[in-house]
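Below are structures written as structure tokens.
The same chain A turns up in both complexes below, where it pairs with chain B and then with chain C.
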Partner chain A sequence: MDQTLDRRRLLATAALGGVVGATALGSLAPEAAFAAEATAVAPGAPDPNFAEGRISKISGSMLLVTGSDTVLHSIRITDGTSIWKLHPTTFDRVAVGDGLYARGVRLPDGTLAADSVWVNIVNLHGHVAAVGRNVLHLDHKGQRILAHVVPGRSAAVYNGTPAVSDMSLLRVGRHVQVLGAWHPDTNEIDIATVYAAA
Partner chain B sequence: MIELIAALQPLLVGVVLIWSARVKLVSRHAAAAAHRSALVRLVGQRRALPAYRLLGGVELTLGGLLLLPPALRLEAVAATVLAAGFLGYLGYARRAAPTSSCGCLSARPVPVSGRSLARAALLLAAGGLAVPATTGWADALATRPVAGGAVLLAELAVVVALSPELDPAWLLPLRRLRARLTHPLRGGSGVPLLATVQQLQLSDAYRRVAALLRSDVREHWDDGGWRFVAHAARYQGRPVTAVFAVPLADPEPGAVRVALVDDATGHTLLSLAGTAPPSGPRLAVVPV
Partner chain C sequence: MAALRGEVSWFCCGTAWGPCGSAGGGACGTCRSGNYQHAWPNTSDACLAITRPHACGITGMSRRGCGFRHYTTNLCNGARIGTTIADCGPQTDLFCGERTCCGSACGSNRIIDLTPAAYSVIASLSTGLRPCSVDTV
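Up next, the complex of A and B:
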């Protein structure tokens, strides 16, 4: 805990500290960086730096993942991997049975060294069939989905304006798009962001 | 009482059949409804619309015969057979083409649900009940108008309640009213992380370092009016942390600052303050 606080203090001081010139360290223009890191994926071919599936085993920092096309992936979580599970979280919150999307760098031995992992992420469209206390009942292609509003986490974007925490403008019968975290093997999700017209 | 109920069933079944035929014969969306239904699976894409229209014709004819005197037993039997056919068709549709639409009482796409099956079963029961009736519905209603009216209203209410197509007309307004009275989604407050991320992604600081970032948001915390958002990044071959400082009270992207901190040594390799928005006259671009 102290270590985290020390690290955060260091990072905060760096961000709020004086300006350290960039010119001496080379160009920071995006064009230069992209030119250096062009990745070529043939049209129609699977992106080697992406994996998806459900976690069948966790051993150490390795995740064994069965893809929806039954391909097996080994995914390595490194010190620099970002892990999202409704919000940015830590590796110990990841469980067997969770679904994931991972992006990273494919190593020569076939494992994917993950830069970012999104656990149980779903992105779905639906109609608000009913609302309850901190819950939306969504009609998604004729199926009912229970979408929980998580106070302090869930955000709403109305008409493309900046995100707010206020969900009260959502209306029964309206169309919404929801980005959220699935509760594995249920029809329930936690809402990360709901996009709606207001 | 049972005789009264039996005598009124042709009226109920006839009304429902004519309502159903209306969708199939005169709705502008009949073709779309036919092609969304399980008829496509049953008789093929090309014959789905003619079959849908034919079914509408049968429904209209039978519904008209049921409503008009004289009350014949044969009509009730035909209605029962048709209702049994509906029930079988819906059961088939639910198993064989679960994504298909019912196409029953409205052109609105509605998947076949337990409610649709229950409604078909109700019509089957009503048809069966009408078979032994000896008097016409008009006579029965004239003799006992209050009891007859109550029975009919109750049955119609059940049909409406079992029709997912009709939900927008009564159920959704009721739910909207309840939400307006109870405010179940009230209480959200604070700046969500997404608002911070949206603000920083619009900033000049982000544009300068975006190509170096490797990960999504790794962690974030609030301190002294600022929200700090950290990403993993690579800079000149070294793993670094890109930490953005975003003021919680100021939504301007120009106020966002960023630093790149070496993960191994803790040294700040780069730090950029936000750039103030350009002052002076601006060129207003107006779309023509």
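Up next, the complex of A and C:
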């Protein structure tokens, strides 16, 4: 708990302009960082420390995000914020129009000081309709999704085996789960990991 | 219910952006990505006929309805989250035998899907899948 409080204080300090470097928050391994989070939100209730939506404006280190429910969010990126956009990345790779999920600490002024931001992340289920060169055509809830294989990044997990870059075992008609990054305003995504059933 | 060990993933629901835009409110009509909610494979006969956890040899998965509370623990780090049922899923039978591990902590077969708000409390969304245990207290 002390660790959680320390971490939250550091985030808030960073959001308010304090001198905090990534190393100050980076002492926690990724899984340990999530284990250290405390939550008082009741099951079923909305989490005030979470936000989702699309970026409508970027001003300095602040993201102005329009939630899918039209609620507006101000999200502060700090030195300690981890950003994912197909892979761990930096703030300069974030753009207006991107979709996101963000988790952090809600400050008294309503701003969310972000601990983690996942940009354009999707986790889709579908059937493989066709396999092309470096692309999968997926049927997802009646929609066609073009899932691009990104050399050096995309990986496949075949029924729980270790991830490999070889996509050749993916077959038309099989069910897959694809974790990836959406191309805004298109039906296309880049594949981070595709989980294939046996 | 004795703790059930398996795999946990996440799914979007409610109003959403991108490919999630068609997700809707789930089987219960109340599902929101920003809420602490989950999908459960045995919410009704119709649900069970789709998810078919028994096809993977899973027993002891109780019938639970909308709003019922489950507690999911990420076996990679011990983080735990309480959520309520808002949808039917995951489709367990499509990944029968799948196994996810963190070192020696493993889970087989998909038994629960959390909303992004809930999953991100116990793991990074970029992990996609984690071994877990699910109980009711």
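Note that the second predicted complex is superposed on the first by the 159 of 198 C-alpha atoms of A that agree within 3 Å, B and C clash if a C-alpha of one lies under 4 Å from a C-alpha of the other, contacts with A are read in each partner's own complex, and residues count from 1 in each chain.
Heads up, the rule we're going with is that a contact is a pair of C-beta atoms (placed from the backbone, for glycine too) under 8 Å apart; a residue touches a chain by one contact, two chains touch by 3 or more.
From a predicted model like this one, the values you see are computed outputs, not experimental measurements.
> For A:F50, select first, second, both or neither according to whether it touches chain B, chain C, the two together, or no partner.
second
> Regarding the shared-chain residue A:N187, is it in contact with chain B (first), chain C (second), both, or neither?
In the superposed model, A:N187 contacts chain C only, not chain B.
> Should A:S61 be classified as contacting the first partner (chain B), the second (chain C), both, or neither?
Once the two structures are laid over each other on A, A:S61 reaches no partner at all.
> With both complexes overlaid on chain A, does A:D79 touch chain B (first), chain C (second), both or neither?
After superposing on A, A:D79 lies in contact with chain B but is clear of chain C.
> Look at A:A42 in the shared chain and tell me whether it touches chain B only, chain C only, both, or neither; answer first, second, both or neither.
A:A42: touches chain C, not chain B.
> Who does A:D166 touch here: chain B (first), chain C (second), both, or neither?
first
> Once chain A of both complexes is superposed, is A:W118 in touch with chain B (first), chain C (second), both, or neither?
In the superposition, A:W118 contacts both chain B and chain C.
> Return first, second, both or neither, reflecting whether A:Q177 touches chain B, chain C, both chains, or no partner chain.
It touches chain C, and chain B stays clear.
> Once the two structures are fitted together, what part of chain A is touched by chain B and by chain C alike?
30, 32, 34, 37, 82, 84, 116, 118, 141-142, 192-193
> Which residues of chain A touch chain B in their complex?
Against chain B, the touching part of chain A is residues 8, 10-12, 14-20, 22, 25-26, 28, 30, 32-34, 37, 79-84, 87-88, 115-116, 118, 129-136, 141-142, 149, 151-157, 162-168, 170-173, 192-193.
> Can you tell me which positions in chain B touch chain A when the two form their complex?
My answer: residues 99, 110-111, 113, 168, 172, 175-176, 179, 183-195, 198-199, 207-212, 214-221, 223, 226, 228, 230-232, 235-236, 239, 241, 243-245, 251, 257-259, 261, 263, 266, 268-273.
> Which stretch or stretches of chain C touch chain A in the complex?
My answer: residues 9-12, 14-23, 32-37, 67, 69, 74, 76-79, 81-84, 86, 91, 94-100, 102, 108, 116-118, 120-126, 128-129.
> Taking the complex as given, what residues does chain A use to touch chain C?
Touch residues, chain A against chain C: 30-32, 34-35, 37, 39, 41-47, 50-54, 67-69, 82, 84, 99, 101, 103, 116, 118, 120-125, 140-143, 145, 159-160, 175, 177, 179, 182, 184, 187, 189, 192-193, 195, 197-198.
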